[in-house]
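Please go over the structures that come below.
Here subunit A shows up in two complexes: once beside subunit B, once beside subunit C.
Take a look at the complex of A and B:
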């Protein structure tokens, strides 16, 4: 009974080659019979390819020819005949070396997009590492993208991309600028939403980079080309991007500025963090300062700037006064730092702030006589006082030290003279000496 | 060397010693928690903040010490005012014309232009200078410190422009006070050959007759004359030794 089960037949290793050869020969000779008898070429194919361990040697390496019957039947392509993809295998015996499957025959759009993509171009050049259709979608086990087991299902896609984009060796070989995109992403707010909460709406690789059409970021058509980033992020963060394009930075980007900050300048790319973390809150100040150098310098002169530099996060940072996505110039009445709104902006932290308080200049420069005369003179006065007093005290102390040292030295030198010479001056203190 | 006198004078009261001790400790805590905030970019500042338990705790310590410092300062001011009104003390800390001439004489002596030494009373001009420096510095520090502590409160009466000015003043005056204390007061109390290695009189309240006579001859004379017969044994000078010893101040 047991011995008739095909899986058991293949078990003893020493008889495997014989069995395989036998099956192969039988299959080749009987195939026309089967085809006529059962009307399904798939069963005929599987009569050989359904045997676990079926393999051949190509360029000295074993290549599996085994097709899992169950996976194939569950796949989106399950109803298709084998020859729908493997066209040169429609007749038996089929050539020993089949041509590569042309997905484009059916999936023309995806295939066209792929051929223009960074992957497709590299593939055309004969790059053996680069992702091809089957690397992302699988082959016989191919599932619809919405199937939870699909390799391109949102929750699975990062792992699929990560097989290459989490491999520093491969990145080095192919000069991929971000070698550990997968690891960075998995730690990011998007990655955690995906892995911890299973959020299908969390951005995954393809949300930002696209899928078939992925282009390098230097390509103006890339979804992650600098000036296209806001609209890419805006596909999910619509409200934020609307605000952003209303603010100075967004407007500058719209007008073609290549230096105005886009989302990733502040939020980074793969490693995007929650903005509530202290580290992010303090780092972002420096980010603003990469362009607004003077403002950062004067900010650091103030109390706010000093304590934030020491790790204190509960005082005003750039965005607390200027806003974040919709930053508007003070001349704009809607701006948080416009004359009309300044007091209420201060009141966010200082509830009792009044217009007088709002005259506090958060970027006061003690060296700017025109803009901050009071501060300028206060600073000058303090500097003069500091230097003056210190010099006076320094000089006085040095002279004192010099003279007392000299005295001590003199007193020691001629001991007989000091004891011998009575001093009229010294008597004075004794006049009033009380009696015991 | 002449034999030292064994008698002692009481120079500072318990209140004065306690005030000094409190101000000293608070000054140190304020400097320790203040300078890392002023020199926030320096590595040592960040190290110190970290080891003091983070910026939150450092700020709390600084503010609490500031409040206590102000309490001691107010107590001192109040008590002195009261004592003056009650005519219990003399105004011996008030600068006088004599202090000016004392300074000239002393500077001439330091420069070797003259061998004449000024004869000081209870407080010499250097001590007065230091005292008033602490008073004025302390007033600046307290005023600006509280402006920075309660900016909105002060903005009710003052323009917001005083806030950065207060910060500049607080930070610079803090540095000034620290440098003066390091340079002048530490010299005065430790390094000066007259007292080296340590002048303990502000802690013990006592000063030896020898030093009293040498450093504050007028005060010495006054106290000795005042006390007369009723002098307590502690304050009594050993007459025998004082004869030999008294050569020192002006012997060349």
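Take a look at the complex of A and C:
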């Protein structure tokens, strides 16, 4: 091993300059031949670029000029000539620096969309990190999006996006708000459906963000702009979104509310979890409470709210009574908390509930005298009782402690000292307390 | 007043019989259990409550233990009522309802309380307390009222479907509020006022073992219960309640149980007070 290593290292150093100059010389001499032999130009290109290790130095960095013959022939662009993309290489010898390939020449639509996207705009500003056509699609090895080996095949796309959107350093440099979108996604229900179950229908990056036209979420045209989120999710979750738009939240969003919750407020974005997990079930209560603050406060005063606050889910949570996607006001006859449906809603957990039972208020506020007079006066009474008992006995106990300590302290003193001075306890003997 | 036996080996007299001691033990155990499983719910938003509830075994376990202790305390309540009625109507000791041996407040209790306050301020002698002093009667009735109130509201919630047949559902709201607040009152009262009155005042510190041994010394009887002592001497029945000194094992057992309960009680008091103040 040790003896072999130096030779391995030495070989490229030794051979590369020789090889490069050889290729160059051959190319120059044969250039008139190439110019005439147009039909098999790809073979001619590959006679140089098909040599493994062919590279040049650009800005001090080695750049590979090698084109894998097999990959190229398998690629969707396989039938094309090299010069279809590398237009300035149609004549030999070609310039030492070729221009960047213009995909837009053929892919005008995609290119147009890209130029308006968050990536395209940054690219136009000269951002060197930003994703360009080849970063997602590859170059000589481009495969159709439906090919399982394509970098943009649904099962591969997250990894492709993740090369940048899983890199916290890059996110910091470019102020991307979600630094670890890839990691979050891979742990999410969508990510698992994709990686573990291999579901093509599972949402991948482009399902929500789009592909060429990706826009920042603050852009009203973005697929993830707040009010557009329900329809974006609804592309797959059609039934749920239909329910949602029927409910109070969906209707408010339709009417232009910017505060009404959309899908991601409850389900989060990249890290969407199964809704059966206890952690999610408990978290969602707090989420409702971010807007419905009073309802959460009064809920916490009830047994239901106390048990969920302790971290257990076997009692009624917001959605058990109010529903989830189609939440309707009590005034709507179809609502789970309407007068007509309330008893059957209670019966989901309390099978023997009757109309009387259903008069329990899951959000009773003991400070609301108008709505809950009984509770109000009960709370006042208990307060007075608590304060009264502890005021009286607090005083009683403090005085007693003081007096008894004094007594014990006096008893420990020699008798002549204890009896000296004005002593109201001179009659101690009479009350049965033995003198020291 | 006679001052016999002060310089002899102390004599002991029976103050609390075995039945009452056992009943107090049952009361103590079930009360602690109820407090430990109930207070996490009352202060469910505190970290310690979540940890305690999880340590007990979660929602199912908390409810199971709370209901078990509730049943034991109910049993305790009815065993006591039964004993009172047995004494009064079978043994004919109507004195349990009125008089010097009764738990029912007597006019003299109010006078003694007033006198006690005078003594606190050093402007009068210590009252001549009888068998049960006014603060002990308050303890008794506080627990009695507490058991009834907390018990009834607790059972209403436990069997809410049944009670829902004839009670309006709004009462469940009131039931939980009263149940929780009355329980908080009881827990705080027992773990502070009762502990002080019975164990921590300088005369008793650190612990009055009479509730475990059932016996108190001749000196304690004379100092603390002069009126009872006097009437016992006058009736000539002092010898009847004279008893052997409490054995060391019993005193030690009492200390172990007593200090464990006090420590648990203080811990619960501290935690609930902190949670209450930060509400």
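Everything that follows uses one rule, which is that the second predicted complex is superposed on the first by the 363 of 436 C-alpha atoms of A that agree within 3 Å, B and C clash if a C-alpha of one lies under 4 Å from a C-alpha of the other, contacts with A are read in each partner's own complex, and residues count from 1 in each chain.
As a working rule, a residue touches a chain if its C-beta (ideal position, glycine included) is under 8 Å from a C-beta of that chain, and two chains touch if they have at least 3 such contacts.
Here the structure is a predicted model, which is why all the values come from computation and not from measurement.
Engineer: So in the superposed three-chain picture, is A:405 touching just subunit B, just subunit C, both, or none of them (first/second/both/neither)?
Structural biologist: Touch partners of A:405: subunit B and subunit C.
Engineer: Given the touch rule stated above, what does A:374 touch, subunit B (first), subunit C (second), both, or neither?
Structural biologist: The answer is both, since A:374 touches subunit B and subunit C.
Engineer: Between subunit B (first) and subunit C (second), which, if any, makes contact with A:352: first, second, both or neither?
Structural biologist: both
Engineer: Touching A:307 in the superposition: subunit B (first), subunit C (second), both, neither?
Structural biologist: both
Engineer: A:366 in the overlay: touching subunit B, subunit C, both, or neither? Say first, second, both or neither.
Structural biologist: both
Engineer: Check subunit A for residues that touch subunit B in one structure and subunit C in the other, and list them.
Structural biologist: Overlap of subunit B and subunit C footprints on subunit A: residues 300-303, 306-307, 309-312, 350-354, 356-361, 364, 366, 372, 374-375, 378-379, 382-383, 385-386, 389-390, 393, 396-397, 399-405, 407-408, 425, 427-434.
Engineer: Which residues of subunit B touch subunit A in their complex?
Structural biologist: Going through subunit B, the ones touching subunit A are 1-2, 36-38, 40-41, 45-46, 49, 54-56, 58-59, 107, 109-112, 126, 133, 148, 151-153, 155-156, 158-165, 167-169, 172-173, 175-176, 179-180, 183-184, 187, 191-194, 213, 217, 220-221, 224-225, 227-229, 231, 233, 235-237, 239, 242-252.
Engineer: Contact residues on subunit A for subunit C in the complex?
Structural biologist: 300-303, 305-307, 309-312, 314-315, 350-354, 356-361, 364, 366, 372, 374-375, 378-379, 382-383, 385-386, 389-390, 393, 396-397, 399-405, 407-408, 424-425, 427-434
Engineer: Where on subunit C is subunit A touching in the complex?
Structural biologist: 1, 3, 6, 40-42, 44-45, 49-50, 53-54, 58-60, 62, 116-117, 119-128, 135, 142, 157, 160-162, 164-174, 176-178, 181-182, 184-185, 188-189, 192-193, 196-197, 201-203, 219, 222-223, 226, 229
Engineer: Once bound in the complex, which stretches of subunit A touch subunit B?
Structural biologist: Subunit A residues touching subunit B: 300-303, 306-307, 309-312, 350-354, 356-361, 364, 366, 372, 374-375, 378-379, 382-383, 385-386, 389-390, 393-394, 396-397, 399-405, 407-408, 410-411, 415, 418-419, 421-423, 425-436.
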